[in-house]
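Heads up, there are several structures right after this.
Both complexes shown next keep chain A, but they swap its partner, so chain B is in the first and chain C is in the second.
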Partner chain A sequence: MQLQRLSGLMRKEFLQILRDPSALGIAFAMPLFLLLLFGYGVSLDAEHVPIAVVVEHPSPLADTLIGGLDQSRYFRPVRFSDIIAARTALKEREVNGIFWLRSDFVRKALDGEGADVSVIVNGVDANTARLVESYLQQVWQIWLLQQQREQASVLTLPIGGELRIWFNPALRSRDYLVPGLIAVIMTLIGALLTALVVAREWERGTMEALMASPVTMAEIIIGKLLPYFVLGMGGMALSVAMAIGLFAVPLHGNLLVLTLASALFLLVALGMGLLISSVAKNQFVAGQIAIVVTFLPAFILSGFVFDIRSMPTIIQFITHLIGARFFVSILQSIFLAGNVWSVILPNAAALGVMAVVFLGLTLRRTRKRLD
Partner chain B sequence: MWRRLYALVIKELLALLRDKASRFVLIGPPLVQLLVFGYAATYDLNNIPFVVYNEDPGYASRELLARFDGTPIFRRIATLQSEELISAFIDRKDALMAIHIDRQFTRNLLSGRTGSVQVIIDGRNSNTAAIALGYVNSILFAFDQEWAATHSMPNPPANLVLRAWYNPNLLSRWFVVPGIIGLLTLVVTMLVTALSIARERETGTYDQLLVTPLRPLEVLLGKVIPGFLIGAVEASFISLMAVLWFRVPFTGSVLALVLGLFLFLFSAIGVGLMISALSATQQQGLLGAFLFLVPAIILSGFATPIANMPQAIQYVTLADPLRYLMVILRGTFLQGDGIAELSSQFWPLAAIGLISMLTASLFARRKMY
Partner chain C sequence: MDGALRFTQVSKSFGTARRKVTALAEVSFTISTGRITGLIGPDGAGKTTLMRLAACLLMPDAGTITVLGLDGKSQAQAIQSQIGYMPQRFGLYEDLTVRENLNLYADLQGLAHTERKERYDALLALTALGPFGDRRAGQLSGGMKQKLGLACALLRVPRLLLLDEPTVGVDPISRRELWAIIQGLREQGVSVLISTSYMDEAERCDDIILLHEGKVLAQGPPSAFTTPLEGRCFFVQSAELSRRLLQQRLQAEPAVLDARLETSGVRVLLAEGAAPPSVAGAEWHRVPPHFADAFFDRLHAERASPDPVVTPTIRVSPQEISKPETVLSVANLNRFFGSFHAVKDVSFTVHRGEVFGLLGANGAGKSTTFRMLCGLLPASSGVLNVAGQDLRTAPAEARRQIGYVAQKFSLYANLSVAQNLSFFASAYGLGGARRRERLAWAAEEFALAPYLAQNAGDLPLGFKQRLALAAALLHEPPILFLDEPTSGVDPLARTEFWRRINAYSAAGTTVLVTTHFMEEAEYCDHLVLMSLGEVLASGTPAEIRARAATPERPNPTMEEAFIALIEAHEATLRRSR
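For the complex of A and B:
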C-alpha cells in the first residue's frame, strides 16, 4: 500500500463529492432535516387524549371524579349528553375513549353496593389504548384515595405502591427516541454515501481503467472509505449536537466513548454500502438494494421503537444481523444511563465484527478481474 | 398509440425484471420483511424479566409476588438477597424491573396500615416502561381489591370496568400488520419508479426515447403502468397474508380497501416519478427516494400516532399519502368501515396523485443537461 497512490485516489473521490453535491447533502442536510422532523414529530407520549364524558345524572360525587380527568394532562374531556352520541364520536375517531357514568351512579356508590363506571376505549391503536387505560386507572386510584380520606373510613387501597422509573423519570419518549433516531439516520447516511460509488465505477467502465493502473484493490476500497468516513463523522457530530442542544436529551456518558462507538458504527454502515455496491455492480440495482435493506430493518428491528425483548425468540435472533441494533443499545445507554461498560463493550465488539465482515467481503468481491 | 404504449410497457417490465438481482429485490425482501416485521413490530410486553428483593417473611408478600409470577407478561429471573444488587441487574439490562417489598409488609397490612412496595423500572425505553407501569398498577390494584374484600374492609364506592372496542385484547399485531401492508407497498413502488427516469437520463437512453415518435405523456405512462402492475400484485398478496397468515380480522368493505390501495398507488407512483424526473443522476434519485420514503413512513402514524405530534408537524403529515392509507387499512380491517366512512381519506390521495403526476410530466420533458 502506498500513501501517495492512496492520497491521489482520495483526492479524486473528494473532487467527485464536490462536483455532485448530493453526497454533501446526504451527509449534512439529511441528518439536519430528518432529525428536526422526527425529533419533534415522533412521540409516544399520549397527552390531551380526547375522551368523551357522559354523565347521565349530574351530582357532586360525579363532579369530583370528572374533575380528576379535567386536571390530568393526559386527557381532554369532551362532554356528551348521551351515550349514543358518544359512541358515534368514538366510531368516527373524534374521541379515543368514553367515560360513562350511568344515572344510578350516585345511588349505588353511596349505599355501599358499588357502582360500575364503564370505560370504552378505541382499541385499534393498541398501544395508545393501553396507555389511556393505564392513565385512567391512575386518575381512578387518586380519586379512590381522596374518597377514602374524606370519608375517614378504613383503607380501600391497602398497598402503597411506590413506583420509580430510573434513567428517564418523566418517561419522556423523546429521550429514548432521539438517540435511536440517530442510529437509524446514520444507517441511511452510511449506506447512501457508499452504496453507489463502487457500482458507479463499474457501470461507467472507470473500474477497468483503475485496474489497469498499479493501485491495489485494498487501496481502492480505503480510498473510497476514508473520504466518506470523514463526511459521515461530520453528519454524526451534527446529529449529536442537535440531540443535546436542541432536544435537550441528557448525555450522562462520556463524549469520547460516544465518538469511538459512532466511528465503529459508521464503519459498519459504510461497509454495508460498499458491499451492496460491489455485489450489484450497477447503480440501479445497488440503489434498490440500499432502499430495501437499510431503512425498514433499521427502523423496525433495531429496538429503536419496538422493544427487542418483546419479540419472538427467532426474530430476536434475526435482529443480530442489524448493525443499528447494537448502536441503538449503546446510544440509549450512553445518553440516558452513562458509561455502562457491560452494555457498551459487547455491543461494540459486535459492531467490530460486523465492520470486519462487511469490509472483508467487499474486498473479496472486488477483484481485479473482468467477468 | 396503444401498440406503442404496449411495447413500451413490455420494455419497462423487462428492464425491471430481466436482471436477476433486480427481480429478486422486488419480490424476495418484501415477503421476508412482511414475515419478520409482522412478528417483530409489537408493543405488547411478553416475558419481561424482573428481579425480586423481598424482605417480608409474611404470606401477603408471597401472595402478591405470585400474581407477578402468574402472568406471562413478566418473568422472574432472580430473587435477590440485598438491595445493592438491584442496580446491577437493571444497569446491565438483565432485568427491566425490580420489586422491593418492605420488611413490615404483611404486618402492616394485617393491622390495617398501608403496606409498602417499591417498584423500580428501567426507563431507557420509555414506552416499555410506561406499559410495564400500567401492568404493575393493575396487578397492585387487583390485589388491593381482593385484600379489601377478604379482610372485611368496606367496598370501594365504585368499580372501573374497562373495555376496548375493535380490538378487545389490545393486540398490537392487529394494529401493526395492516400498517405493514402500506409500508411495503410504498417501498415497492419507490423501487420501481424512483430511479427509472434517472437511470435513462444517466445512460443516455432517455434522449433516444424522446426522438422516437413516442410522446412524453406516453413515455410517462409506460413508466406508470408497470408500477401499478407490480404494486397491485404485491399489495394484494400482502393483504391476503395479513388475513390468512397473521389472522388479522377483516371486517370492512373490500371495495373500500381496493379503492384505497388504487388511489394510494396512483399517488405513490406519482411521487416516485416526480423524484425520478427531477434528478439528473441515480445518486440524486436515490437521495430523493430516501428523503421522501423515510419521512413518509415515520410521519404516517404507522408506529407513533399523529395525534402525539406537534401541530406544525401534523400539518406536514397532510401531504403524506401513506397517512391516509393507514387510516383506510385500519378502518377496513378493524373498524368495519366502508367507502362512505372513509371518503375523507380518498380525495386527498387523488389530489396528491394528480399534482405529483403533473409535476412529473412537466419535468420529464426537460432535455438532458
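For the complex of A and C:
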C-alpha cells in the first residue's frame, strides 16, 4: 500500500465523479427524485376516499349514521339515489366503495330484529380496500355505541374501545417510508454506481492500463471504496436533511448512531457493488445485476414498503440475505422509536457480518489478471 | 544474456474445455536489449495475448516468461514497476485533462513531485501536446490520444516498453510522429516490443517476430525476410492495358503470387523460380522487395490449401455500363453535432461502375458522410441524391438501391450463417424462387457452403467479412457501400476482397468505400481525401499523387501525397487565422 498511488487514484475518482453527469445523477438527482416521490406522491394512508352512499328510505336514524361518514376525515361520501347508479360509479372507479342502507333498514333497526348495512368495497386495490373496510366498520361500531348510549341513558359517559397507536401516532406512512428510503438510496450509490464505474473502467480499457502499472489490487479497490463511501454518506446526509427538514419526520434517536449504522450499511452496499463488478465487466450487465440483486430487493424485501411479517415464510427467510432489511429495521427504530439497542445491535451485527463477507470475497476474487 | 524479454514454450488458450480457442501455441523467442522488435501478424494471430502475457496481465497455461531477468509468474509486481505498457485501446480517462492523466500515472509510477515539471515538459514537447495540457483527453484526436497514452507510459523511462498496435486508426502524420518518438527511445537504451499490422512499419524495426495463428513463423531483422525475395519483385507497366486490367491479367497467371496496384503500375510478386510471364505490352522492372512481399509469401506458403478463388458473378446488363451515368451526387453537404461541424460543405458525384474511395484519418468525417449517404443519419443541410432518389424525400426508395457493409461486424453472431443469410433475404423482401436462387448464389459465390450451419460469431475474420458482403449483395443492389471493409484482415484476404470488388465494379455495380489504408486508395477509380470534415482533394489516384509531386519527389506514394496535402492544408489554415 503506497499513499502516493492511493491518493492519485482517489483524486482521479473524484474528478471523474464531478465531471460525469451520470454519476452525479445517480448520487444526487435520483435520491432527490425518490424522496420527493415517496414524500409527496406515495401515501399508504386512505384519506378522503370517495364512497357512494345509497339511502333508499331517508329517515332521521339513517341520517345519524351517514352523519358519521360525513365527519370522518377518511371518507368523502357521494350520494346516489339508487344502487344501480352507485354500482356504475364503482365500476368506473369514481368511488372506492358503496355504503348501502336498504329501504327496510329503519324498520328492522327499530324492531330490533337486526338491520343490514351493505358495504361493497372495490377490491382492485387490495390495500385501500382493506383500509376502507375497517374504517367503515369503525364508523358503524361508533354509531352503534352511540345508539345504545342514547337509548339506555342520556347521562352515561361514552364508553368503548380506544385505539392507541404507538411510535407513529399520526399514522403517517411518510414517517416510515422516508427513513426506509435512505436504505434504498445508499444501495443505489453503494452498489449500482460502484458496479457501473468499475465496469466502465473495464469497458474503456483503463483497467488494463492501471493493472499494468505498479499499483496493487488492494489500492485499486480502496481507491474506489473511499470516494464512493464519501458520496454515499453525502446521499445519506441529503436524505436525512430532507426527511427532517422537508417532510418533518421525527428523529427520536441519536444522529451519531444513525451515522454509524449508515456507514456500516454503506460498506455492505459497496462490497456488493465491487463484487458484482468483479463478475460483470460491462456496464449493461453490471447495471442489470446490481438492479436485480441489490436495488429491487432493497425496495421490495427490506420491509421498507411491505411488511416482512406478512410475507410467506420462505420469502421471510430470504429477506435475511438482504442487507437493506437489517438497515431498514435500524432506520425505522432510530427515527420513530429512538435508540432501541435491542433492535439496533443485532441488526448492526448482521450488517457487520455481511460487510466482512462481501469485501473479503471481493479482495479474494480480484486478482491483477485479465483472465 | 537473457535479453529484455524471453518466452520459452509458452502456450495460452481461452474458453471452456468444450470450446477452447488456442491463442498461442508453444511460442519461444528472445528480445534483445535496446532494440525495437516488431510483432507482426494479422488480426487474431495472438499479438494482444502475447503483449498481455509479457505485461504479466495473463498467466501462461504452459511455459515460462522472463521479463528483464525476472520471472513472470512470481515477480509480476517487480516487473510491472519497470516496464511501460500501452494497451491497444489505451486507458486514458476521457473526463480528465491531459495534465490530470499525466498526474495520475505519475502517482501510480511513483514519480517524485520534484521531478515532475521537468519530465512533463520533456514529454509534452516530445509529443507536441504542450498547448493541450488543459484539454480533456476525450476531446483529443485519435493521434493525439495515442501520443498522450505513450507519454503516460513513458513518465518513468521504462526498461522495456510494450506497445500494442499503437498506430491503428491513426493518421499518417501522427503515425510518423509516434515512430519518431519510439526511435528516440532506442537511443536511450529502452527495449521496445511493438505490435502492428502495417507492413511498412515492420521495416522500421530492428528485429521482427512474425506471428500467425498463435505460432511464431519466423524471427529476424527485416533484411532476413526480404533478401530471399530478391529478384522476385517487379514493377510492371503496360502501354496497352489500363492498370486495373493489367492487374487482372497478372493475377490470372500461375507464376504470379500477388499483384497489387501501386502508383502508376502494378507491383508483382512472382512464385519462387518463376520467370516473368509475357503479358500484352508489359514492361517489367525489377524492384527491391518490401516486407509486405515477404509477409505475403510466408502466409501463402503457410496456407496449404488456399480457398478456391471463385470468379465473381453479378448480374448487370452490359449496355447499362456504356454511358457514364451519375448514380450518386452530393452537394454542399453539412452535418453538425451540437456546435461541432463534423462535415463541412462536401460535394462530389459518383458514376456508375466506379470504385469511389473516401480517404482520411479517424475523425476526418468519412463515416459521418457515409452514414448520411446511406440514409442512416440525416444531413444538417445539403443535397443528397442516390440512384435518382432524393434521400431527404424518398429515403426508403433510395435505400432499396444500396447494400451496406458496416465497419463493425453487424450480423447476428449467435445465428448460423444460413440463418443470417435467410434473415437478410427476408429483410430485403426476397421470396420464392428468387430467394432460393440468391441464397444459393451467396453460398457458392463466397464459398460459404461448408460453414452454413456454423454460428456467424465463430467464423474466422475473413469469412465474417465475406458473409457480411454476401448479406449486403443479396438483393442485387446497384450501389454498394463498404465502411472500412478491410481493417484487421490479413493481406491474403485483402487481396481476395479487392479482386471481388473490382469484378463487381467491372460488372456495373457502383462501389463506395472508406479506408484509412493508403495503399488501398490505389484500387479506387476516384478518390476524395478528407481531413477535419473538409474535402482536401478529389480526383483519380494518379491526379492526387501528381498534386503532391515535387522536384525532389517526382513520384510520391499515396501516403506521401496524403501527408503533403494535409500539411499544406494546415499551413493555409494557420495563415488564414
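As a working rule, the second predicted complex is superposed on the first by the 362 of 371 C-alpha atoms of A that agree within 3 Å, B and C clash if a C-alpha of one lies under 4 Å from a C-alpha of the other, contacts with A are read in each partner's own complex, and residues count from 1 in each chain.
Here, contacts are C-beta pairs under 8 Å (C-beta built on N, C-alpha and C of every residue); 3 or more make two chains touch, one makes a residue touch a chain.
Everything quoted here is computed from the prediction, not taken from an experiment.
J.: Determine, under the contact definition given at the top, whether A:Phe33 touches first (chain B), second (chain C), both, or neither.
T.: In the superposed model, A:Phe33 contacts chain B only, not chain C.
J.: Just chain B (first), just chain C (second), both, or neither: which does A:Ile120 touch?
T.: A:Ile120 contacts chain B only, not chain C.
J.: In the superposed arrangement, which partner chain does A:Asp20 touch: chain B (first), chain C (second), both, or neither?
T.: both
J.: Let me test your reading of the model: by the given contact rule, A:Gly8 touches which partner, first (chain B), second (chain C), both or neither?
T.: A:Gly8 contacts chain C only, not chain B.
J.: Looking at A:Ala209, would you say it contacts chain B, chain C, both, or neither? Reply first, second, both or neither.
T.: The second partner, chain C, only.
J.: Once the shared chain is lined up, is A:Glu150 touching chain B (first), chain C (second), both, or neither of them?
T.: Touch partners of A:Glu150: none, neither chain B nor chain C.
J.: Looking at chain A, which partner touches more of its residues: chain C or chain B?
T.: Between chain B and chain C, the winner on chain A residue contacts is B.
J.: Show me the chain A residues, by the header's touch rule, that chain B contacts in one structure and chain C contacts in the other.
T.: 20
J.: Under the definition above, what is the set of chain A residues touching chain C in their complex?
T.: For chain A paired with chain C, touching residues are 2, 4-5, 7-9, 11-12, 15-16, 19-20, 201, 204-216, 368-371.
J.: In the complex formed with chain B, which residues of chain A make contact?
T.: That would be residues 20, 22-23, 25-26, 30, 33-34, 37-38, 40-47, 49, 61, 65, 90-93, 105, 108-110, 112-131, 133-134, 136-138, 140-141, 144, 147, 153-169, 171-173, 175-176, 188, 192, 195-196, 200, 279-280, 282-285, 287-293, 295-297, 299-301, 303, 305-307, 309-312, 314-315, 318-319, 329, 332-333, 336-337, 340, 342-343 of chain A.
J.: Give every residue of chain B touching chain A within the complex, in rising order.
T.: Against chain A, the touching part of chain B is residues 19, 21-22, 25-26, 29-30, 33, 36-37, 39-49, 64, 90-93, 96, 109, 112-131, 133-134, 136-138, 140-141, 143-144, 147-148, 151, 153-168, 170-172, 174-175, 183, 187, 190-191, 194-195, 199, 202, 281-287, 289-291, 293-295, 297-299, 303-305, 307-310, 312-313, 316, 327, 330, 334-335, 341.
J.: Show which residues of chain C lie in contact with chain A when the two form their complex.
T.: These residues of chain C touch chain A: 14, 52, 55-59, 76-77, 80-81, 83, 85-96, 100, 103-110, 136, 149, 152, 162.
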